[in-house]
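Each structure below is given as structure tokens.
What follows is chain A paired twice: with chain B in the first complex and chain C in the second.
== the complex of A and B ==
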């Protein structure tokens, strides 16, 4: 530890600058990506307040700014035309808040246990197995789930019949799906988040644990007084980032996994699914821009609020 | 959020990409960009086929085309971003004609087509009506099967051979039941009726669908013509009840509402289909492993929706010269059979051959590399008829019989020519679409009981404002009826 600090001190200021210059150069692809895909398309916000009426053969800019007329907030009205909007918003917030809590708690618990494993091999194996589902697309996951839940050929109904129970028409039984969806999402995302926490844990100074052990701290004490406080900034960061997208839902999870089954609609309809269903027939860019803006504005407000609250509690854990 | 921001990005890219290209023509030959619809991808042999067609058309009328096969999303994006094209596929089901025509995206060809291409104008005849918006013509309808004939396709080896049942030429929607029952009794573990989440093909064709498929005008409305929400159509409700009965009896797969396609499973003895009399495409035993007989249960219904099955629209930004070139090209497709067959089937001797009775058979290279549908590339009626195998010849004059059938048995919509301008109610319609899709798949597969579900749909749709839309449609409709009152009485006399 000491040796490495000395090493950094010895580097002259000039070459430091060169070094950081090279390092910032490495961020260039990311910067370009952000400019191209996040800042440049920002003018698309205008779509949300225009009735977009393109004329063929004219440029997009001209079509958007000259040929289309301002309609104020009219494009947002379709969102509130449906009497179900409270239910849709409830669903979105319900799943997102549960996944926000469980999606952090479970990976933290797993990471804490995994860090205690002495066998690096076993630890690596567990990481690989839990991260793997993250790379599957929801279309594939949807069919895997169907393999379990199909009425005739599904594995679960096979088991049920084996034990003499009656087969369940899963895709027509909404009461189970809140659990199925949450379990599916956790199965898919836990491993990935866990790895982030695992990295944070390995970065914790081992001497803290050694001194805790010398003071007679057991496993639970070490977790409580060393690991968790040290993990707090990471947890706070992930929490803040996720709360920003609380009105967004994973379309794959809520549309592909239930195979768009009509009966399940009361429990699977989130804002993104609703918008897809409403606009699939029409290709109305103004409406989709309006929805996107609505989600982003709400997300932005929540993000700033969460960050302010966390700043009050613990200034070190907040962003910026 | 990610998904929505991808749209402006795509537009940006298209826009940036579009800046560079310029339509420069060096000689007198007019080169047209023609975008047609294709669900899959561009046929592999498209390039050489188009080149072959261009050699002919350049010599005959001095026009060549750059034909592109694009999926519906690309076409929608192209229309919405104002990208330049000359001719585009437009219809009642892909790249909606009514919406685009009333938005002024297509060239008004009313005068031009009569002046410059009288042969084309005469060949379409009364079917011009479906291409009108506000009494002006905005597209060229592709003459194909203009009316929908909905049919069941039954395994005749099994039903006629094994069970000794007779398959009539026509039956009613519900007459299918004994066939389903016979198969189910023999095979309790199987499901006789092929059904996926899209439902039985064409079961809605007996309705003129104004806001597809939520607000409809049934063909059999007796005295006054008006639009109604679909649940007020008793015939449709009965179909849903029948389907639900079949579902409960085990004639339909329990997961039908979530199944994407049943195409891979050839064992179903009963399927639905939409075609025309004399159509052989369902009957080739080599495709199915058994003989198939079709039995028509509906139609032919001729409506604006069905007649708009395929059309070619010309870009509003074209100048008169280019628009004329487009029309000349379409005219050539509609009058010159040899030329028409190139874009339809490929290169003679390589992709297809003529059979002795004048029909066409696709060669293996044609089936693999250029297996397009005729309606994608212009007039179907003017193309040679395809035979499915050399021992199973089609009638080369089948279209004559089909069009005569439309004139004699055709059940005509009384509102042909009426286009609903939905711009004022678009937000409600978006909400209605979302509500409808919450129930549609289970309703049309028979999974849900209509008497239980319809009241729920009704309540939600009424809250979303369906009555406002229906009133708006009926207002526009009565105005249209007043304006075209004369035409209408002539039509009903026919």
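== the complex of A and C ==
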């Protein structure tokens, strides 16, 4: 190592070596974990280019590399020509783009107004309650939704009957579910994102507001010319990360919340649900792997593209 | 106009007038209530009597209260007690082992003199954007590591997260005075000792933050159970997965009953029991939440502020 900084010049090479050894040893357990659970599975990318035909009793490696035929991009071309795939990709993009906009806009607006509340205690309480759903699993969220939508006992059908309207078989009626799923996701995540923005607002330099007030800026002016520009890096970071996962969807939201109901499938099937079902229900390893790879590659490209574009517009807002 | 600074959040001087503040407060209180309603509904149903649910459905205003569901849960079903213990075991061991793996690595990465620092940083960041996908990790975990139907399948895959490692590393780098570590080194301190005796005590807040996030993620986890546990291994089920299955089995019961009784409406037995189980899962989260909130906030802020 070239010791360019003065303070390293005094450190003898021998102790440098010893220190590197100690630090490597401390890193080792986690590095082993990464090898086993992140890098070892990488060879599985080959599943996407093979027609997986395992022979029982033989090792995974042998089954994948020797017993299975190389089919190139056949799995991909079959997938994209299948009747379901366009719908599945549309669903994924539909939910993600709506949630991309609403999942940032609503928390920003709420945070801007919440930051101005006089009572700190009330603000803290609001934060605590609205963040809570984020820390519940989708299994629990599924039950909360079920409490409202159950056909016989559900709260909403109860109210509908009370007002003389016809009860709705919610879990058999796909037309409502785009709306229901978006509301559910917003319910779960808005509070969390709001607190992130609130923290960013609290970190804004007070003097900016004071000089804006001296210039006679009203509330909306200060939001527009001080708060929003100052929030821009945080918004950009969240935006870039979410663009990178635009083809990923939360499995729990789309599988567990609609209770895996068959009649809802046209609007609830997203790529991650397909990846799971192709693997666990149809045992179609190659299609499942091809779909995952497609998600991974597109996500990677989009992440880099979004970051590059934002870097061109405003270097401070990019991920670096 | 200037009042006690502690009363205000955000701005030194809020731009709300008295009336505006009142309106905003009322709106935020209502919003919080709306957010809380679904959780409240589950709680109320769990303490409603079965008859009341049959008569008025899942209602905020049950006709009759009853703790029967809880009595049933605590007495008859032994496998639920088992599931509770499983959940606690998985949460505690996952959190502890995760911290034991991540903290030393984060410390090593925070040291400027560590020559492999940049290599390992890249090594742990690649999986953040590129992964082998569900099929390959499933096949590796079941066929090469033989994790199917073991507790390890529920613990091992979630141990490390690059995100938490970066949070820990940033804290170690910024909050711990370099001079402290340098002088410990001059006194002959080795890195493992410095880490244990100097860094860990100072870094308590950030370690608490990561602990809280890990605990919640293990307590809430059900996907590994769905993937790696077969239906003849109910003794391994965590609470969350029991809930997943309960839903499934009651759905099928309802369908069969409707089929047999000629599609007339049929009330599945013990609806309140399911909701009582949900409450049992939520309650620890809610009870610990006020204490944890401060640490959660630290984590969320660090997560949002880039390096």
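Assorted remarks:
We take it that the second predicted complex is superposed on the first by the 227 of 320 C-alpha atoms of A that agree within 3 Å, B and C clash if a C-alpha of one lies under 4 Å from a C-alpha of the other, contacts with A are read in each partner's own complex, and residues count from 1 in each chain.
Here, a residue touches a chain if its C-beta (ideal position, glycine included) is under 8 Å from a C-beta of that chain, and two chains touch if they have at least 3 such contacts.
In this text, all values refer to a predicted model and were calculated from it rather than measured experimentally.
Of the two partners chain B and chain C, more chain A residues are in touch with C. Of the two partner chains, both chain B and chain C are touched by A:251.
Touch criterion not met for A:97: it reaches neither chain B nor chain C.
By the touch criterion stated above, A:58 is placed in contact with chain B alone, chain C being left untouched.
In the superposition on chain A, contact of A:41 is made with both chain B and chain C.
With both structures placed on the common chain, the touch criterion links A:262 to chain B but leaves chain C unconnected. In the superposition on chain A, contact of A:274 is made with chain B only, not with chain C.
Of the two partner chains, chain B is the only one touched by A:172; chain C is not. Of the two partner chains placed by the overlay, only chain C lies in contact with A:120; chain B stays clear of it. When the shared chain is aligned, chain C comes close enough to touch A:300, but chain B does not. Chain A residues 37, 40-41, 43-44, 47, 59-60, 146, 150-152, 251, 259, 275, 279-280, 285, 288-289, 291-292, 295-296, 299 lie at the interface with chain B in one structure and with chain C in the other. Against chain A, in their complex, chain C makes its touches with residues 6-16, 21, 24-25, 27-29, 31-32, 35-36, 38-39, 41-42, 45, 53-54, 56-60, 100-102, 104-105, 107-109, 111, 113-116, 120, 123-124, 126-127, 129-140, 143-145, 156-157, 159-160, 165, 190-192, 195, 216, 220-223, 227, 240, 243-244, 247, 251, 265, 267, 271, 274-275, 278, 281-282, 285-286, 289-290, 293, 296-297, 300-301, 303-307.
Residue ranges of chain B in contact with chain A, taken from their complex: 1-5, 7-9, 11-12, 14-15, 18-19, 76-77, 79-85, 103-105, 197, 212, 253-255, 257-258, 315-317, 426-431, 433-435, 437-443, 447-448, 460, 463-465. Interface residues of chain A facing chain C in the complex, by the touch rule stated above, are 1, 8, 11, 16, 19-20, 22-27, 29-31, 33-34, 36-45, 47-48, 59-60, 110, 113-120, 122-123, 125-133, 135-137, 139-140, 142-148, 150-155, 157-158, 187, 191-192, 195-196, 198-203, 206, 209-210, 213, 218-219, 222, 233-234, 237-238, 244, 251-252, 256, 259, 275-276, 279-280, 285, 288-289, 291-293, 295-296, 299-300, 303, 319-320.
On the side of chain A, the complex with chain B involves touching residues 37, 40-41, 43-44, 47, 52-61, 63, 74-75, 77-78, 81-84, 146, 150-152, 169, 171-172, 245, 248, 251, 259-263, 265, 269, 272, 274-275, 277-285, 287-289, 291-292, 295-296, 299.
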